[in-house]
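Have a look at the structure that comes next, please.
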Amino acid sequence: MITLNHYLALGGLLFCIGLFGALAKRNAVAVLMGIELMLNAVNINLVAFNHFLEPARVTGQVFAIFVIVVAAAEVAVGLALVLNIYRRRLDSNVDDLDWLRW
Amino acid sequence: MNFPILTAIMLAPVVGLLLILLIPEREELTIKITAAVATFVSLVLAILAYVLFDHGRGGLQFLQDITWVPAFGINYSVGVDGMSMPMVLLTAIVIFTGVFASWDMTKRVKEFFIFLLMLVTGVFGVFISRDLFFFYLFFEVAVIPMYLLIGIWGSTRKEYAAMKLTLYLLVGSAFALIGIIATFLYGAQQLGHATFDIQTLATVKYDLGFQKFVFFLMLIGFGVLVPIWPLHLWSPDGHVAAPTAVSMLHAGVLMKLGAYGLIRVGVFLFPEGAKYWAPLIAVLCIVNVVYGAMIAMVQKDLKFVIGYSSVSHMGYVLLGIAALNTLSLNGAVAQMFAHGIMTALFFALVGNVYHKAHTREIARFGGLAHQMPRVAAGFLIGGLASLGLPGLNNFVAEFLIFMGSFTREQSLLGGLLSYRILSIMAISGIVITATYVLRVVKNTFFGPRKTEWDHLEDAHGVEMVPIVVLVATLILFGLLPSLQIDMINSGIAPLVAKIEAAKAIGGIF
Amino acid sequence: MIKYAWLIPVFPAVAFPIIIFLTRKVRLLSALVAIAAIAASFVMAVGVLREVFLLGVTMEKPVEYAAPWLQIPGLLKIEAGILIDPLAAVMLLVVTLVALLVEIYSVGYMHGDPGFSSFFSYLSLFSASMLGLVLANNYFMIFFFWELVGLCSYLLIGFYYHKHSAARAGLKAFVTNRVADFGFMLGFFFLFAMFGTFNFRELAEAIPGYQNTGFLALAAALVFIGPIGKSAQFPLHVWLPDAMEGPTPVSALIHAATMVAAGVYLLARAFVLFASLPGIMLLVAYVGGFTALFSATIAVAQRDIKRILAYSTMSQLGYMVMAMGVGSMTAGMFHLMTHAFFKALLFLGAGSVIHALEEQDIFRMGGLYKDMKVTASTFIIAALALAGLPPLAGFWSKDEILAAAFDHGFTGLYILGTLVAFLTAFYMFRLIFVAFFGNRRAGLHGHESPLTMTIPLLILAVLSVVAGFVGTPFASHGFSTFVYYGEPHHVEPNYAVMLLSTLVALAGIGLAWLLYGRPSDVPEKLATRYRSIYTLLVNKFYIDEIYMWLFRRVVLGLSEAFNWHDRHVVDGIFDGVGDLTRISGQKLRFLQTGNLQTYALVIFTAVVIIALWMAAPVLGGVIQ
Amino acid sequence: MPDMSALFFWLLAAIIIASALAVVLLKNIVHSALYLVLTFVGVAGLYILLNAEFLAAVQLLVYAGAVAILIVFAVMLTRRGDIRASNLFNVNYLAAAVVSLALFIVITLATGRMAWTATPGQAPAGNVGAIADAFLGHFAIPFEIAAVLLLVAMVGAILLARGGKQDQ
């Protein structure tokens, strides 16, 4: 029997893989991919909660859709940023970027 | 009296400031005239208030209250008593003359006068506030423009001095803020309702430990501004770096904010705390007086001499506060006024010389009385005031302080020291002061004519305004001190009554 | 008239701003204003003196008028008031008269000086301050004018401010006096602390019954420091010889009527305080006596005409202080009066000489008698008066002092005083023989001064002759029944004392003639023989050098040390706190890599840690 | 057939995890992008298992379609150097691994110990209709805001990608 915890564990694992990607990759596009993974993990959790705990309503799914919307926007902007940075520095490696430095 | 005269005094510079904002930057003369008119309005109103003030009645007068934040008991409430009225007048005189002393300002004139007027608004605000919250608020309003004024328009090491001054003052005011908040909370608890009103807070019985603690905070907080040794170093550096008008306001008025706060908030609310810490103040003030004067003696820059002389003279004010009796407190307030006028005069004159000669190094001068007789005369009169010559305002003030502390019979350190001995040490300051002031006068203005300085023009036209106004003030109150002391005494009397009503407690040592 | 006595200082006081602000440009008008003002004061002073006689105002029954000046109810009452008794009346007359003559003289002397108008304005202020001081009815007011007198002396001594030496002398005078004022101020603070008043009359009533004489003695000793400074007594005498840097009329005024007289006058005013304290009286007497001898010895070796006169003033002031100390206020004031006339005359005469020669070294003068008959003869009269030859003014007053010392049993001081009389006669006639007789040296020719200068000389010469008669035993002790302390007492004429002092003075003159009256190499030989003593005298016992050393090394050294301490230690500590903040910030900023991923890593590490920390208590069970 | 759904779950889980690992571990960014698409598809499958068919469709359209395409474009546009080493780790990767693993453990521990309480009820038959009701009813305002957000994001993305003014 597959329970909520199975889904949550899957979501958690996916989230952590995504996090690892976001933290450990040099390429900005790869970092964005990691973030997408994390968002997907969140969505899995939301839908799973909806399914197991509140089957009568669709709130979880609605939230998931909002997340997707935001994710889409984020990807669009994020990739635009990457392009912009690439154009300026001819590089899409995040760890070379230290503009946040003092 | 329905006309809110105090608010008007304070707002006149604000109106001037707003008008200046509307004037194009290149209309420098219009800007200067606007500033002069605004401060003149303040001055006239301040003189009017001074004359209308009824010292027979005493107490706080020209009251005005506007509720601001009822939940915390914050009100815009203003009023002056015999102690703050002279300070308001002092501020009005100094800023009025200060505007004329900066008549030759050419750099970013518009911004300069805007900040100058903002600064003086804060200073007026502090002196007229009866509400601790507004007191503190105006206090901070006065500090911030100072940073910009010194940092942008200053001279020698201006960024360093501006930063130093601001840090010292802000650290000090942080201490004061803690004290104010603690007082507010304690008062709210005891009274059952929140209030920042100083008079109401004064009715609260604070317990001894609390008084000791909070007065100490106030002592540091306001003491920095006075400045009390060893927290004084912002002042010589600040004075030296600041442009003329700012030096005048700074030494003439800003330092008085500290002493005024110490009396108005510290001593008035916490008389027992004041009694406890008084011996410490008394000892430190001797350091101020003697050490400050001796350091002034070996300075090579004119402004440094005056900067350290301020440290020394403000030591007398501290002595007046430490002695905690009628005579000495009268003297302290009078000295605040007198020193303000005198030091403003000094800075106006030094500014005049510096503007023309581009140096303030005493050793390079000599015989300037040949080229600038009026400046020399003004400087000499300032110097004579500084050394406490009878007939000038400072003499009366210093005399009262000395009398007050001298007649206070209390021994310290188990009889090793007494207020009398401390007074004697402080009075010895008049000898040192005479020495350094007259040495500076001699080395700068006397001696053979130096052709190097033949191009210097004597003060003329509007440059004479500060000299004439300030000298006249010094002489007026010097010859007729009752004009001043009667008023101050009406403000000091309730304070002394409170001090006398307080438990007699031994000092810290 | 006596009601309006307060106008006496007001006239010259008003002349001061008038000259400064209005008539500055018109030189003669300025002089006229100043002279008119002081003349008005003089007329008033004569009137006051007359009324004092007519109304029978005595030392016990003075007239006092006062208006409140500064009051703090219950604590402090300071009056602007006048107190007129014979003492004040006499002083008023002396001061106004001398000041008037000096001002008239100055019209000639200062002619052509660019600071002509300012000079008269300062003179007016000077006279006004001195007159205010004389009239003051309390310690506060006397201090007030005391300081103003000091200020005016500063302005006038440093009048030629373009000269370094003048500027320095003014500074020296003021600062030295400040030291004395410091003591004076403390003294009357003690009095106020004890009696709660500054008023002379109230104090005079309270002091005799006061028990705590220890404090009283301290107060008196401190008050005495004031006259030590103002009246140039040892050890605060150093300013007076330098004060000759001012224009000569100023020297005349300072040395005769205003500045130095203030100290002696204060002693007389405060006499009740001293009279009750024998110990302090002794101190006063010995300070005076020592100063008299000390400065007379210095005068012997000086070459500058004004310097000789300056040391002679010190010496005579020593006499007056000594008179006070031995208990004879009358003698002290009598000598103050006569001295005022002949010392003013001496200085004005010296001024006339300097005016003519532009030279102050007596050994470069000589034979002046032939060129300047009026100046020389009046000068000689004054010198004879100073030397104390009968029947000139100086004789009577000096004799009164010596007799008082002798009668009160101060034999030591009497001998000392007689010795000083000998020295006085000697150095004065050394000056006269060298400068006015003998050959012209250095080819300097004198010429007689204008009338504005010689007329005051003549008037003063007359006064130097006759002023003494008011106090002679043969004029029924007029002065001593007028100005006295306690009971009007007069010293019975002590003919032995009189005779001895006359002989001694003659001996002094004789010795001067022997050594300097004719060409001689004896002085040279003596100077070589006693080189060390001579050098010591020429250098004024090195007192100035010692003070300079103390000031340079000790005071300035300490100041430099304080300055260093302030700049490096105190500032170091506070700047150190600032630096600590800045440096630690500088180091800590390397933690900011600017790399987004590093930040995220840190964030998530923190998330894990916080989550574990918060969950730690419940990790064992099931979370509800 | 409960076993069937369990089987599908495990299968999809395996696909998702494996492909996700491939996304982060592979060195070629093009491969990573492709595996990302696979992950998205796997997640869409999970949605179907959870009776969220509409969401599954959205997932396929938006993620597997649009987002993946965008990413591929980005990869293309920013390509430089050797494509086989276009997706390397940075210096922090060990720390990142440790933190990720620790977070996973914490999450699993926490979620595993929760006693979830389900609200009883029947899933609505027409899933799409229910979502539509929710969006246009209760969530109308967030829905509109999301629309604005998308618009802003679009404009922003265009501006950024265009590279601002010519002179910069």
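Which chain is which? They are A, B, C and D, in the order written, and residues in each are numbered from 1.
The working rule: a residue touches a chain if its C-beta (ideal position, glycine included) is under 8 Å from a C-beta of that chain, and two chains touch if they have at least 3 such contacts.
Source: prediction; values computed, not measured.
Path length between chain B and chain D in the touching-chain graph (shortest route): 2.
Chain B has the Cα centre that lies closest to the mean of all protein Cα atoms in view.
Annotation: A-D is the more contact-rich of the chain pairs B-C and A-D, by number of C-beta pairs in contact. The distance from the centre of chain B to the centre of chain C, with each centre set as the mean of the Cα atoms, comes to 35 Å. Rounded to whole angstrom, the centroid-to-centroid distance between chain A and chain D, based on C-alpha atoms, equals 6 Å.
Chain A and chain C have centres, each the mean of its CA atoms, that are 95 Å apart.
The distance from the centre of chain A to the centre of chain B, with each centre set as the mean of the Cα atoms, comes to 62 Å. Counting only residues that touch two or more partner chains, chain D has 90, 92, 95-96, 99-100, 103. Among the residues of chain B, none is found touching two or more other chains.
Each of the following residues of chain A touches two or more other chains: 19, 23-24, 94-95. Chain pairs that touch one another, listed by label: A-C, A-D, B-C, C-D. On the side of chain C, the complex with chain A involves touching residues 589, 592-597, 599-601, 604.
The residues of chain B lying in touch with chain C in their complex are 164, 167-168, 230-231, 233, 291, 294-295, 297-299, 326-327, 330, 367, 369-370, 384, 387, 389-391, 395-396, 400, 402-403, 406-407, 420, 423-424, 427-428, 430-431, 434-435, 438-439, 442, 445-449, 481-482, 485-486, 489.
Contacts from chain A toward chain C in the complex involve residues 19, 22-24, 31, 94-95, 97-102. Across the interface of their complex, chain D is touched by residues 1-2, 4-10, 12-21, 23-30, 32-34, 36-37, 40, 43-44, 47-48, 50-59, 61-62, 64-66, 68-77, 79-84, 86-87, 90-92, 94-95 of chain A. Put simply, chain D touches chain C in their complex at residues 90, 92, 95-96, 99-100, 102-103, 106, 109-110, 113-115.
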